[in-house]
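Look for subunit A in each of the two complexes below; its partner is subunit B in the first and subunit C in the second.
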Partner chain A sequence: MSTVIDRSQADFHRLAGFLPGHQTPWIADLRARALARFAEQGYPTPREEAWKYTDLAPLAGKHFQPLATRDEVVARVAIDDYVLDPQWPRLVFIDGYHVPALSMLPAGVSLAPLAEVLAQSPDTIKPLFTASDEARGFAALNTAFMSDGLCLRLTPNVVLEQPIHFIHIAHGGARPAASYLRHLVLAGRGSRATLIEHYVGEGADAKAGALTSTMTQCVLEEGAALEHYQLNEQGLSVYHFSSVHVHQSRGSRYVSHNVQAGARIARSDLHAVLAEPGAQCVMNGLYFGRGRQIVDNCTFIDHQAPHCSSRQIYRGVLDGESRGVFNGHVMVRQDAQHTDAQQMNSNLLLSDDAEADARPQLTINADDVKCSHGATVGQLNEDALFYLRARGVAAERARAMLVQAFAADIVSHMSAERVRMHLDALIAARLGR
Partner chain B sequence: MAEGSNLEHLIEREYKAGFVTDVEQESLPPGLSEGVIREISRKKGEPDFMLEWRLQAYRHWLTLREPTWAHVHYPPVDFQAISYFSQPRKDKDRPKSLDEVDPKLLETYEKLGIPLREREMLAGVAVDAVFDSVSIGTTYKAKLAELGIIFCSFSEAVREHPELVRKYLGTVVPQSDNFYAALNSAVFSDGSFVYVPKGVRCPMELSTYFRINAANTGQFERTLIIADEGAQVSYLEGCTAPRRDENQLHAAVVELVALDNAKIKYSTVQNWYPGDEEGRGGIYNFVTKRGVCRGANSHISWTQVETGSAITWKYPSVILQGDNSVGEFYSVALTNNYQQADTGTKMVHIGRNTRSTIISKGISAGHGQNAYRGLVKVLKSAQGARNFTQCDSLLFGNRCGAHTFPYIEVKNRSAQVEHEATTSKISEDQLFYCMQRGLSREDAVSLIVNGFCKAVFKELPMEFAVEAQKLLGVSLEGAVG
Partner chain C sequence: MSDKQTSGDMLLKIRNLSAETGGVRILKGINLELRAGEVHVIMGPNGSGKSTLSQVLAGRDSYQVSADEFSFAGHDLRGMSPEERAREGIFLAFQYPVEIPGVSTVNLLKESLNAIRKHRGEQPMDAMDFLTMVKKKIKLVDMSEEFLYRSVNEAFSGGEKKRSEILQMAVLEPCLAILDETDSGLDVDALRLLADGVNRLRGPGRSFLVITHYQRLLEYIEPDHVHILAGGRIAKSGGRELALEIEREGFAAYERGADAKKAGSSRAG
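And then the complex of A and B:
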């Protein structure tokens, strides 16, 4: 593993003078400290409990280099396939940098590429970086190399009618590229918005691959509501690591729709802190595995205050030799009475070589709570298949229908119709064979 | 608050089995080394292979570190401060029958409410009582011997049936399995050995009472139960220990082997000294229990009621190797005051059409911390495997904790695995309903708790079920949240 550390340090010395915010001492310090923390351990290994089922050994021999500047981005990419709705405001990024020519920014909203904010008014977002100053592994690497991202600031009581569509394309030029994205969402009191993070692209070529690392930090003030989609449809040679940190105040509502349908290894971390009474947190997850994919979902919901609720439903469909992991942890702190927390994970194994690992965990330190969790692993219902076959539905089609129904439990909770349609098409294409 | 004072009143109740019997002990000085192990082996008159086996385990143990992953907290154990062997005096002229047993020991059992002779006559239970480390009385042996069943102390088995011990010892829990299993393999003092020959159905429940008596003595039992093809046996294990301020380490190993069509049922009621209301003292119970369903259609069932010990670290497991084999785990774990329990099971499905059921009920009160930790693993070969897991927790008071850490790993698509868990407290509605019908608050709670645990209690043999209910009542009465 030392080589990974060496390469990261070499990259850092090469790039430090170019990365956004390098003129600002606290940002330069933040990056250097983060790199030092990464260098202590390198990539996480399966010996760590949180990475028990995901071995990053395939990554060790690869060198994904971050691009130094926006100018290196190859801008000639067709994005029509990725645009879900042409009316939606969108930000398009390629290999870690914003491409203004492809984007369409909304009027009257404080929405800007992070690189711009880091260069022009870094002190306005300084408090948001204190939390990431302890992280290790990928989070540390992300802090060291973050090149750009999205910075959305909603003033009190602003309601965004249309979702903001963020598209990241792992394109890669001559060499395997690494992208380190950092998003900030500050939802002011009573504001309301929908954010769609969408990750696509194959990298330079199927052999070289790419690495996409993304971190999103959401702060929801009193009564704010955020619907947050993360759609990962990257190519099978891409390594995708995403983590989201949410901090919720009184009466706020955070809804996550997390769809992992791409990448050789996809790892998604979701961490929500329910800090004040009445906060609500919903996490819906849907993951598909095929080929030799590994999809690893790790969630942590921290109930710190009374009268909060959380709901988690994660569903996995695993085919080929893929492996799906759900590692969900609900923590109820001592004073978080009247917590209502539910957690459910279901897995469908479609092939003999697929594997599902579930680890739903509850840590409960208050007595007046309603907490439950469950996990199942199984295959398609034989009776249901028989029923459809008996009515003349072809075997393939019957299977596809049942998988669609299985996924519908997650998809139907999404309020953006365009996303629902997109996912239905994706499932149909996957199972149509 | 009426409930509050009730709780205090009952929590102050002293541990009922807390007394020390004044019998002279012949102990080794504290400390662990190869010399100590040789001495233990020599005192027990063991054959060479046994000594060699112990030394192997000890050398491996030296390379291991104490595990820290469990959800329990305690000061580090000084393994050199423990005396690894103690036995009641007069070990040269062992009692041949109960009449020869030291009356003081019999008195101890009387106080605990397990009069051996009465049991012998009335209950028809064969009791192999372990007082500290050496068995002192075995009943019904002759009767069992007629059927070819071997039921004796482990030391005796090593001397009388070395071929069986050699064949099976360490095949389920190897010496190198984990830190405490390695320690146990090196220094185990005594325990029970059961062999049920082909096609024999053991006509009575086999039972052992363990009791830790001498201060500063870790007790390291080793139990091995083998059910040969078509055999059936039910084994009961129950424990109490006198109160004492210093923590005592208890690291037992239990191995079960079930061959084709065999069935083993292993029941435990554990009521060791849990420490006082401030969390001082109490037993550290770090146990490795595992059974292997080696043959087709074999069946292993674990039932446990854990109300004692300051810290419990215990995962009775089943390796489902034979086709169509069945593993079961039924558990009630209660933690009160400052007790901590990290307990659960592992079900490893290897054979085709293997089935497992896990029912775990955790009850936490006071500052108790109760964790279920379990693994259900379905290997690729386990076509048609089936698992059902249910873990429920009941909480009393806002300073206790209930945690669930299940691990589910499935590599076969024809497998069906289900896990569900809930956490709640006794609802005011339920209490109101019962009290409206004339039950006192305590009786109502007891009724509800017993209902909560019923799925487990019904798996216990009759006498044990009664004892378990009583135990739960004593440990919890009045702790209404």
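And then the complex of A and C:
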């Protein structure tokens, strides 16, 4: 039982002197405290409400080791398949470390690998770590071991015309590797940007797999707008844990497009706080399961201020013996009058053995609000399938078209055309069996 | 194939075709022969199996089918999937076209036409040529181009759905078009468009199986043969005059004659 904890402690002692920021006492302390909190409980278990659908027992026997330094990273990896648009500025990471030779940093934007900031100017980001000082489970493990990530600071009113494409490859080299990534996005007043987080790779080999843990913290100041994609296409032996925290000020707009299409277990947490009036939050989610995959989405939208709105649509496509979870909670606090909150989860089961667990929750503590939520589970429409086939369209292609149509409710809201094309191709490839 | 001038080649050959679903036998030994270039009309009371026949021809797999012969242009239909049949030239205009949210009509037509062309060993059609052709044909069915970009049949009126089926037939140019009550619910103008669509395609290489309740369509489309389908069997075959007889006397004679199914089969609306 305690082996995960033992191993984490041993890894920590081995690595603590190498991790970025180790010379800075507050960072070293932050990491040590986080590890101690993790060691109290280890991985979360289904006894915890937020983890009731996903049992991490298969993980207990595996030892994914974080790499000690970027020198251990294998730098020769072909990235052509992952580059969605060669014009976009990109940061490429392998097994938790930035690989400058593969990256293309934009000019005139304060964008740097987090490791660099932790080593050179840690005090500029210190206030952002106060929340990390309470977290448990994966978040604590991530704080203890975070090796690198992306630190984007947008000055007031700056507008980034092109998306920033972050690519993380679970490569693994000689052994099963764990990657702990941490991203910070500070969007100043009236700034606008698009960030695409993209997770790929199989790990060392299909048997060994890999673990990718990633945490993103977004702070949107007044009137800022962030379009935030997360695309998980990691291999079927990878364990993927992602969590995003968003803090929104007055009149800001946060749009999340969360696509979970990979990993043996993919867990995505999304937590948005609408702290001031007029904030808008959009959460689009699209998840695909096949084989024995588990995709677990856990979201929390916290309406703390009046006149805010949130729109959440999550759609799942589940094949094989896969399982998709939507565990979405919208909280409307007492002060959040005139909240407009809508939440919807729909699932398409492509096989008899696939399972969808939908748990939309709405807690309303204000009296003048407009809220709705719901969930559906269905199958491909046989009549539509026959209609397409009767027009000469092959059965697999017809299925792909119907799944693309189902996904279009999410995909069509993405402003990056290259991402939309990429996802249509992904669906076509998936269903062309 | 053989001489294009004659409309004599056997296209569809059905001998003793039965079909059942959920333990209910719906078609009970159909015999039908249709030659290239011919127009056959099938009339029959509600519930007599007309749509079942059309779906079985198009390859719907929810029916168990048995037959002594069931072939199209020399191919045994029994081993063929719906898409293979469509690519060989069978087209079914559905009585109740299904709505497909998220798939646009133009996208369906492109997928469909290119699948058929590929089957014939042809290149996919150039995107501009395709659009020009489709826009020309949508004028023929008197629909606005805007329909091309709407989801297939979604929120279409009954008449619009029927026109969309005629459009698809015009674009795909099938060898055998099965029109399952495509004329029902159409006003006189739309009926003319349908007839024009059929007559424009009509020729030595193309055949039609027209399922209808009304002889009024036959004022515009001259049939070669008329069959009465009742109780899952072809009860009578003849020429144009048979349609006129039905118009005068209804199906009563055939409903009595056919092995009485459940009560309640009445004339169409």
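Just so we're on the same page, the second predicted complex is superposed on the first by the 433 of 433 C-alpha atoms of A that agree within 3 Å, B and C clash if a C-alpha of one lies under 4 Å from a C-alpha of the other, contacts with A are read in each partner's own complex, and residues count from 1 in each chain.
The criterion applied here is as follows: contacts are C-beta pairs under 8 Å (C-beta built on N, C-alpha and C of every residue); 3 or more make two chains touch, one makes a residue touch a chain.
All values derive from a computational prediction rather than experimental measurement.
Trainee: In the superposed arrangement, which partner chain does A:R14 touch: subunit B (first), subunit C (second), both, or neither?
Mentor: Touch partners of A:R14: none, neither subunit B nor subunit C.
Trainee: Answer with first, second, both or neither: which of subunit B and subunit C does A:A384 touch in the superposed model?
Mentor: second
Trainee: Return the chain, subunit B or subunit C, that is in touch with more residues of subunit A.
Mentor: After superposition, B is the partner touching more of subunit A.
Trainee: Of the partners subunit B and subunit C, which touch A:E355 in the superposed model: first, second, both, neither?
Mentor: The first partner, subunit B, only.
Trainee: One more residue to check, A:G392. First (subunit B), second (subunit C), both or neither?
Mentor: In the superposition, A:G392 contacts subunit C only.
Trainee: May I ask you to decide whether A:Q404 touches subunit B, subunit C, both, or neither, giving the answer as first, second, both or neither?
Mentor: second
Trainee: Does subunit B (first) or subunit C (second) touch A:K126, or do both, or does neither?
Mentor: Neither partner.
Trainee: For the complex, give me every residue of subunit B touching subunit A.
Mentor: My answer: residues 69, 71, 378, 380, 393, 395-425, 481.
Trainee: Could you please specify the touching residues of subunit C with respect to subunit A in the complex?
Mentor: Listed in rising order, the residues are 58-60, 62, 81-83, 85-87, 91-92, 94, 97-103, 107-108, 111-113, 115-116, 119, 151-152, 168, 172.
Trainee: Which part of subunit A faces subunit C closely enough to touch in the complex?
Mentor: Touch list, subunit A to subunit C: 381-384, 386-395, 397-398, 401-402, 404-406, 408-409.
Trainee: Flag every residue of subunit A that touches subunit B in the complex, lowest number first.
Mentor: For this pair, the touching residues of subunit A are 49, 334-335, 337, 347, 349-352, 354-379.
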